[in-house]
Structures are given as structure tokens and as C-alpha cells.
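Order of writing sets the labels: A, B, C and D. Residues in every chain begin at 1.
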Amino acid sequence: MADTILAVTGLTVSFDGFKAVDDLNLSIDKDELRVVIGPNGAGKTTLLDMICGKTKPSAGRIEFKNADLTKLSEYEITRAGVGRKFQTPSVYDDLTVLENLEISYPKHRGVFGSLFFRRTREIGDKIRAVAQDIYLQDELETKAGILSHGQKQWLEIGMLLMQDPELMLLDEPVAGMSARERDLTADLLARISKGRSIVLIEHDMEFVRKIAHRVTVLHQGKVLSEGSMDQVQKDARVIEVYLGM
Amino acid sequence: MSFDIAVMQIFNGISLFTILVLMALGLAIVFGLMGVINMAHGELMALGAYVTYMVAHVFERHLPSLMGVYLFFAIIMAFLVTFAFGWILERGFIRFLYKRPLDTMLATWGLSLVLQQAYRSIFGAQEVSVPMTKWLTGAWDMTEGIQIPLNRLFIVGLTILVSLGVYYLLFKTRWGLRIRAVTQNRAMSGAAGINTNRVDAMTFALGSGLAGIAGAVFTMIGSTNPLTGQLYIVDSFIVVVFGGVASLLGTFVSGFAIAQAQTTLEFLLSGSMAKVAILLMVIVVLYFRPNGLFAARVRQ
Amino acid sequence: MSASDRRSFIKAGAALGASAAVGPWFIKDARAADVIKVGQLHSLTGTIALAEAAIVDAEKMAIDEINAAGGVMGRKIESIVEDGASDWPTFAEKAKKLLQRDKVAAVFGCYTSASRKSVLPVFEQNNGLLYYPTYYEGQEQSKNVIYTAQEATQSVIAAIEWLAKNKGKTFFLVGSDYIYPRTCNKIAKPTIARVGGKTLGEEYAPLGHTEFSSIINKIKAAKPDCIYSTVVGGSNVAFFKQLVAAGLSGDKQTLLSTVVSENEIDGIGKENAAGYYACMGYFQSQKNPANEKFVKAIKAKYGQDRVVGDPMECGYTAVYFWKNAVEKAKSFEVAKVVAASSELPLDAPEGNIKLHKSNHHTWKHARIGRARPDGQFDIVHESPLIEPNPFPKL
Amino acid sequence: MRWLSKGELFGYLSLAALLFLVFPLTLDPFRLNLISKYLCFALVGVGIVLAWGYGGILSLGQGIFFGTGGYLMAMFLKLEASGKELPDFMVWSSTETLPWWWEPFHNFFFTILSILVIPALFAFVLSYLVFKKRVGGVYFAIVTLALALTLTVLLVGQQGYTGGANGITDFRSVMGWDITSDESKRVLYFIHVVLLFAVMGIGAYIIKSRLGKILIAIRDREDRVRFSGYDTAMFKAFAFTVGALFAALGGAMYSLQVGLITPTLVGAVASIEMIIYVAVGGRLSIVGAVYGALLVGFAKSMFSENFPTLWLFFFGGLFIFVVVFMPNGLAGVLDRFSARKKGQRESGLNAVPERTKA
């Protein structure tokens, strides 16, 4: 238990009577890279939404480093050390790559702090380092709106890196990427997963196999199976869900 | 408060409810289904009122024997004229603004100024008097002390009719299906072979036409002048938003709530204070239900 | 679209080149010696336009008549019309423009008290002269204003006394929520008490309100002999229509208003107003040569359908009051014109009236009329000339 | 990164030249006073650029703050004009004694302090609570509209304390200094212009700061900003509060220079007009908003002087045209023009962000 960073117990939420997540239990260890898979509508994105505070659960607890996240608002959860990347890349189109990263710098987040903010050398260095990591070092002055889809995905990951979260929630980070970009992203994930925990949703099994430590399969809002990629793939229930449907 | 007065107050509440619904229904359709905030909705109502005025004059001059039923023709004409006008407006400039809903509000506000001046130039700044339909004046004497005004009764009936009509149109016909399809997923509907431009124009025109009906009917209880529309727009707007823009049912419920609150408070307090109380009630409710009374909880 | 509208429409098109529009900002107009400028400052747009537009017409007619007869002291009157747009700051802006840029000798204008209050400092600071042609609540007297219509005591007291004597002693007071109705009711209540009557209720509807059913129910519950109404504007139309629909039409219920003239009845609808009473200084149905000439001229100029109400007549007489004062003073200077106005008589359409010796108001008759189905009034009562008393002790 | 773009620099310089030199030298006192009046709305406009253009918060109730500033100033001016007497409108409405909450407004400095604090404080408390609840877009617009209406009804209804529909009029002096003469109007004009440039400077600073970037980010993707660890409600409330403060300053200057304040300046129509000024000038440009206020005010005066019966056609037509064809107002057109000349692609910042349907 000592190295558990996130413990989800009895998590439930329903939309207009439909239970998107139903009495779900999940635990993530420190430094773990967990991949969550499951058919459409299994509740994957909703799970991440609830962890990061976007959706409030109807019941259950989400414990992160001894704090119950269900009681905090989004920005408090972020400040506690949880970072979230969305399914469709969500970056600030009207701002440059540099500004996008700078906004994500985890200090001066109060009104007056940001009003009198000056970019110090230290911050500049950090921005450049992150830009390097996400392959955008040459695009710092480009407006985010005109980046390619894959570059936007990277930029959003970069924004999380600026926050230096202990737990990263990534929703389909390689969707819409070319094969080469996927490889680069796999490298990127391998690099950044050092020293932090990652929960990642992905459909691309090739990609999952490449990066996952452990895999959780969701189905109809519940955990169907959990274990290594190989274990999971042999699980009869998983095969039924994926092939039988 | 005696029993008689209580009965009449209850009727007043119902009557105001139907008036608000009639006022707001067109706006709710245009706003809720298309996201267009039409600040000229009131002026479209005024257009309906002026059409009624003209129809009344034509009947007075040429068909005096049919004056008793002119209102029915006027209502139909008001609907047709505002429907056509709405179509023109939609094609003329509303359609350029679909991606900027808040801008529709500003542009249509400019339109409302232009229309006000148009009415003033054509009909004069003074009120025009629309003749009353004889059999609708006066009251139905339920008992010695209870009088129910006939024209209000008429409005109640008409609102029920119009509401059923709108319900049928939107939920039971192919056309309604198309409208709902387009509002839910424009691209998909286009791909499915629906002429989205046409549906947009039809929807806006329908909303406008309903404003025309409301305008025609309100000549019985209110005044008709170039600024008539201004009196109604804010109330309509509040009814729609209070109910939740995505929901026509919400419009009905909020109309009912506001009407009951208003008639009760007006009886107990002064007119001004009643108004203040209602506006504050709307603010407080919006605070607790930020998307209006009827907003479904959905996964984004 | 009227002919003059059309003309200005064309003018508008021509001026869109902007030079005509921008010109007046920088170039001061050359002033011709043989014309004298006056201003007409009323709302042509906005909520009050429905009452004021007609006054502009009546004033214009008086100006045209005077010009046709040779002008004032040999100079033709040139009228500059400005739109106050039913917006008090705009009134102040336009008043400043008329006084400071156009340097008009007099302004005929304003309808609501609010608009008058907004221009009052402008007239006092620029030493202008305003003729105010609308019945109002009193409580004011300025060296720069001549008031040609009734102030409240001249109509309210006469009306209440007449009602109490002829119609009954219990009253219900209904008004729009602003200063005129509140002041009128402030005068009405002690008057009702003085004549031995009783005030059963007092209600105010927000300006522009169109839903009167609750107030009407309160009236029904109180069962007053008389309703005294100071509801104004579009609200009035709604109020009367809803009264009739609720069974309180003019043949069943006594109602008297001090703000409903023939002009308002046009909008209310003749059949809705029939049987109700109004108290005014002037009615179109008055029989005398000056009035017959006046009504005929209005109809000839603006169409046979036009009706004439008290404010129109007061606007018309205001122009003549000014002309006569100028000719008596032999000067256009404001102080001299004002001095010459003291006790100045006029044979007006409403009969022989005169300006007060010192308080700038007008000695007027109070007339009570009952609305007929044709929109005209049967005059049922006419008082002798009443001295204006803008600051009554109550 | 440069502090001002070439276009902005040109805008500021030309505006300074106009306001400090051209207008005072060429216009007569009446016209100069009109300019002062337009500039009151320019102050509001700068605030709207911040709140609406950058923060994405459309308020249909800026009149609340404009009016509050105006009424607070008017209370002081009226008390001074009345001397030892009760203000005239109170006498007419049979208010016998000065209400206690009028008393402090005998003091000029208290008045100034109240103008700076009361509207801003109200705006902050209101907007923070409301934004915290995620009331946004058209719902926020309605809340502000309803508040503006409420305040109007209260002002009109409480005639004995507020002057009712007439408003408060007839001011004479500030601490003995006559404000009605042409000379003092000229002095007030210059004070006003200096104040305006100060406000524009503050606005520009906010926009260029990190806070400005965060506002843009919130406008376009509020969700994302929350997940970057910001209390977005606080930022929006800040932008709205600054907008309210500027509006209150505009209202106070209005009372001083125009000489009256009325409930119509608080209501829905006035509030929408204020938005229109900014829409015409350009919602993303501070200089644009000032030009917008000048231009619309000028157009309104000119049209209504020359075509008193038809001016609304032009005025309404102008709005429709600007909103439909110039979504970023005049500033947007100029930007696009200069961008095209330089052969650049249109900058993303100056394109109206596509908003999702309300």
C-alpha cells in the first residue's frame, strides 16, 4: 500500500439513469504506466473525467496521496499533482507554443501573480527543455492553431510536463498520428514515465503492447480484467467482449 | 381576499402564463434549436400586430359584414407575413452568423432599430387602434362576482392550439425530425441528404411566424405602436433562458412559474417591487441551475 | 412615408458622401438677418414619440401661419427640429446645440417632466427661453421657461371636486410609476378628504407595463365609485382594453384621467375609451371661432383623420404667446420677452386665456369631457379661469 | 516580443493627436462637450474589451456599473448644488430628511472612494459567485441583463431617494469650482482624456501580461485552463471587475460633464449600446473601442441632427453591417488590411474565435 498513488473505490456515476461507471475499483502504483482499454462506451474517458474533477461521481472515493479528489475542484486537483490530457487535443489556438507552455508553468497561478509575472531565465530554460522533449523546439513562436494534429497532441503533453504532475492522465495520445509520430510518442512516453505515474487510454493494441506495464480492461463501467498485456489477452471474458460484440 | 377575487387571480395567472408562452415560443425555437438570439423577436411581434391592423382596415372598408371573424384571417395573415419575412431575414443575414451566436444578438438588435423606424415611418409614431372583435369584448360572468375576460379566454385557447401544433410539427412530422436532426448534428444531417440551408430557413421562419401570431393576438390586450416589441422582448428572453434554452418544455415551465409569481406578487406588492422580486428570483434560480430549469445532465 | 419624410430620405442619400454631414461640425453657419431661428425639441423616436410627434406638427402649423402673415417683427421664423429620442441626456444635448450653436430665440419643446428637468439647467445657464406645452405636476418655476399647459392643481382639484359632487365619494387612484402620477395623487388625496370622500386604494404600474389584471382585480375588490387614472403611454392602451374586457367599461364604471386627450384615444381605440372622463384645458369639440379655424387648419394640413388634443393646442398657442410677447417687447431678447409675457392675453382655440403675472404659468379653464364612441368628448363641465399655483400648500 | 504592434502604435498616436490637439483646437465648446460625452462610453469600452474581447464574458449589464458610478457622483454634485437645502427632487417626493446613506456624499473624497470601490466590489462578489457556479455565455448575459433591469426599476420606483425616472439633474460645482462654464468644461475634458489614456494603459498592460494570455486561454478553452491549475472563476471575475471599475469611472465622468444621470443609462438598451460601441471599434482592440465610442457617438449625433426622423435607419443599418461583415470591428479591418499588404497570413489572435453554440 505504501507505493499506491491512486486508489479508486466504489466509483459510480450515471447520466440520466445510465450508469457510465458502476462501482469501479482501481489502484495505481507509484511510477506505474497503466493502460486502460475497453470497447466504446466502457467508461474509460468518464473514469479519467472523474479523477481529474471534470465530472463529479454520484458515489465512491478517489484517493490521491491521502486526499479525496471527489471533494476538490479541477484546479485544486491539478495543483495537487494530477495532469490531464484530453482525447481531442485541447491547446490554446490563439496563443503561440511558447505561450501555451508558459501558461502551464505551475507557479504564479493567482490573479496578481500572473499580472506581474516576468519570464525568468529559469522558466525560459524549462520551456525550451520541454519543447525539446516534445519535438517542438523549432515551433516556439508558432500559433498553436496551425500545428498539425499530432503536434497538438505533443503540445498538450508538453503542457502537462510543464506542470510536472505526479499522475498523468492521457486520453488516446496517439490518435490521428502517423506511424512515425507514434514511434516518437512511444519514446516520449517512455522518457516521461520515469518518476511519475501515468494512466493512459488507448485503442491501438500495438502501441499498448509497446509501452504498458499493466493493462486494465473496462466493460460497461466495471473492471473486466486486469494484468499484463499477455494475461489480459488470454482472458476469455476479454476476448468475448472484443470479439463477441 | 375574497373567494371571487381568488378565482380571478388564479385565472389571471393562467392567462399570463399563456401570454408568456405565446410570446416566448417562437424565440425558444429559434434560440433553442438554432442558437440564434433574436433581439428583433419583439419587432416581429409588432409586425404581426400591424398586419392585424391592416387586415382589420381592409375588412372594415370592404367586408364590414365579416368584421366578427376578421381576427382569424388576421392571425393567419400575420403568421404568413412574418413567416415569409423571417425566411428573408434568415437568408439575408442571419445565416452568416451561425458560428457566432452572441453576434446574432447584436446584429438583430440593429435590425430591431431599423424595423422600429420602418413602422414609425409607415404607420406614424402614434399608436394605431386595432378594432376589437365584438364577441370577444366583455367578460363571461361565471357568478355575480367572478368575471373572466373573454379575450383572455380566447388567448388561452389559442395558445393551447398553437402549442399542440408546434409539438406535432416538431415531434410527429418528417420536417420536425429534420429540424431536430440538423440542430443536433449539422454535418451528419447534411451528409444524410438533408438540405440544411432549407431547414435553417424554415426553422427561423417558423419562429418568426409564431411571433407574428403572438403579435396579432396581443392587439386585444395591449397597444400597437412602433415600440411595442420592446415591451415584450426582455420578458420573452427571460422566460426562454430561465427555462433552459435547450428545452421547449422548459419554456412552458418557466412561463408558468414566472406568471404565477408575477400575478401573486403584483397583487400583494406594488407593481415595481413585484418586478424586482421576479427578476431577483430569476437570478437566484440561474445561480443554482446555471443552465436554466431544464438542462439535461449529459456527458460532454 | 410622408412627403417630408421622403424628402429627407433623399436628402439623407445625398449627404451620405459625408461632407454635408460633417460640415456643420467645423463651419459655423452664416446667419441671415431676415430670419429668426426657433427650435422645436421633441421626441420623434423612442417611447414618448407617440405623444410628442403630434405636438411638433401643431407648433409647425403655428409657425407656418405666422410666416404666411409676414413673420415676427418682419422676420420669417426658421424652425429647427431636433429629436430628443425619448432619452433625457439626448434632450440636454440637443438643447445645448439649439442654444449654443443655432442660437435660437426660443425653443418649443419637451413633453415629459424628465426631459424638461434635463434641459432646465441648459436653458438657465445659456439664458435660453423654453415654451413647455404639456400638462405637468407643477413644483417648478424658472425664469427661462413659460408653461402653457395646466399644472396639476388646475386639473386635479377641479376633477376631484366635480367627481365627488356628481359621481360618488370613494376613489381608487391608479398611475404609472413616476413623478407626474405621484404628484397628482399627492394633490388628489387631501382634496378627496376635503370634499368628504375616501381613498380606497393607490396603485402604481411600472412605466410601459402592459399587464393590468392584478390591479384591475384590486379595483374590483375595492368597488370604488370613481377611478382616477394617471396611467400614461402604451400602458394606458393596455389598461383601458383590459378594464373593458374585465367588465369595467365606461358605461358601468366612472373613470377619469388627466392624461387622456383625443390623441391618446386614437391609440386606445374609441370603443374602449367611450364613457370614460378626462379633465383637460382644451377639447377638440369646443365651439368657438378660434377653435373651428384651428381644427380646420390642422385637418387641412395633416389630413382629415387627424384629431387634436390638449398638448397640440398648447404647443400651438405657445408659438403665438411667444410671437405676441416679442412684438410687445419689440425685441427677441429673452429677458424682455419674458417681461412682456406677464399677464399677456391670448384668444386661443381653448378660449381667452392669459399668462400669469409672475409665475410663468397660464391661467386656464379646467374642462371635463366624457368620451363619445366617435373619439370626441362631450364637455360636461367647464370651470372659470383658474389661477396657476405650481407650489400648492397641501 | 514587441510591446505594441505597428498598427496599435499608430492607433494610440493618432488618438492622442486627435484628443489632445485636433479636437480642442478646432471644436467649439458644445462639440467638445459632446466628445467628452462619447469618451465616457470609451472608458466603458476599454473595460468591455477586457471582459468580452479577452475574457469572453458578455455582460448586458455594464449600465449597472456605469450608472452606479454616475449616481454616486451625482449624489455628491446634487448635495453640493443644493447647499444646506434638501435636494429638490426629494422635496417634490415629500422626503422630509436626507436619508442616512446620502450623508457621506457631502464629502468629495468619500465619493471618489465609493466610485472606485462600490461598483467594483459588487461586480467582484457577484461575478465570482456566479462564475464559480459555471454560469456562462448567454446565461451570464441574462443574469446581468436582469440585474440591470432590476436596478432600473428600483431607481425609477424609489423616486424620493433617487429622483425616479427623471434621474438627478442640475449640478453646479465641485468643491466650489463652477463646472458649468465653458472654461471648466475644457479643463474637465483634458482631465478626462488623461484619465482615459491611463485606463487604456492599464488595459494594455493587463492584456500583454501573463494574465491577458490566461484570459484568452479561458475564453477559448476554459476547461483546459482549469486543468492547468488555475481558478478560472477568479480570473474571469477579475476581468469583469476591472471592466466594472472602468464603467463606473465612465459614469462618474458622465455625471460631471453631461450634468445629469438618469435610469435610462442603467437599463438594457444603454447596456447593449455600450457593447455595440466596442463591436464597432473592435472587441480585441483597446484603441479600437475608444474609436468605436467616438465614431458611434458622432454618427448618432450627426444622423439625428441631420435626419431627425430617419436616423435610426442609418444607425441600425450600421450595426447590422458591422456585426455581419466586420466581426472584429474597424480594428479588425485595419489589421487584415495591413496584414494583407505585408503578405502575411491573418493572425490567429485577430480572428474571432469560433464559439460553440450556446
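Assume a contact is a pair of C-beta atoms (placed from the backbone, for glycine too) under 8 Å apart; a residue touches a chain by one contact, two chains touch by 3 or more.
Just so it is clear, the model here is predicted, and its values are computed rather than measured.
Common neighbours of chain C and chain D, by the contact definition above: B. Distances between chain centres, each the mean of the C-alpha atoms, put A farthest from chain B. Centres computed as Cα averages put chain B at a distance of 34 Å from chain C.
One finds 73 Å separating the Cα centroids of chain A and chain C. The mean-CA centres of chain B and chain D are about 32 angstrom from one another, to the nearest whole unit. Chain A and chain D have CA centres that are 43 Å apart.
Touching of two or more other chains is recorded for residues 153, 156-157, 309-312 of chain D.
Shared contact sites, meaning residues of chain B that touch two or more other chains, fall at 116-117, 120-121, 270, 272, 275. Counting partner chains per residue, chain C shows two or more touched chains at residues 5, 44-45, 177, 204, 206. Touching chain A in their complex are the following residues of chain D: 206, 209-211, 213-214, 216-217, 220-221, 223-232, 234-235, 238, 347-349, 353. The touching residues of chain C, when paired with chain D in their complex, are 4-5, 8-9, 11-12, 15, 20-22, 24-26, 28, 44-45, 81-83, 85, 87-90, 92-94, 96-97, 100-101, 112-114, 117-118, 120-122, 125, 137, 139, 177-179, 182-183, 186, 204, 206-207. In the complex of the two chains, the chain C residues touching chain B come out as 1, 5, 44-47, 49-54, 177, 203-206, 208-211, 213-215, 217-218, 220-221, 234-238, 241-242, 244-247, 249, 263, 266-272. By the touch criterion stated above, chain B contacts chain D in their complex at residues 35, 37, 39, 93, 96-97, 99-103, 105-107, 109-118, 120-121, 234, 237-238, 241-242, 245, 270, 272-273, 275-276, 279-280, 282-283, 286-288, 290-292. Listed in rising order, the residues of chain B touching chain C in the complex are 1-2, 5, 8-9, 12, 15-16, 19, 116-117, 120-122, 124-132, 137-139, 141, 145, 147, 149-152, 220-228, 230-231, 262-263, 266-267, 270-272, 275.
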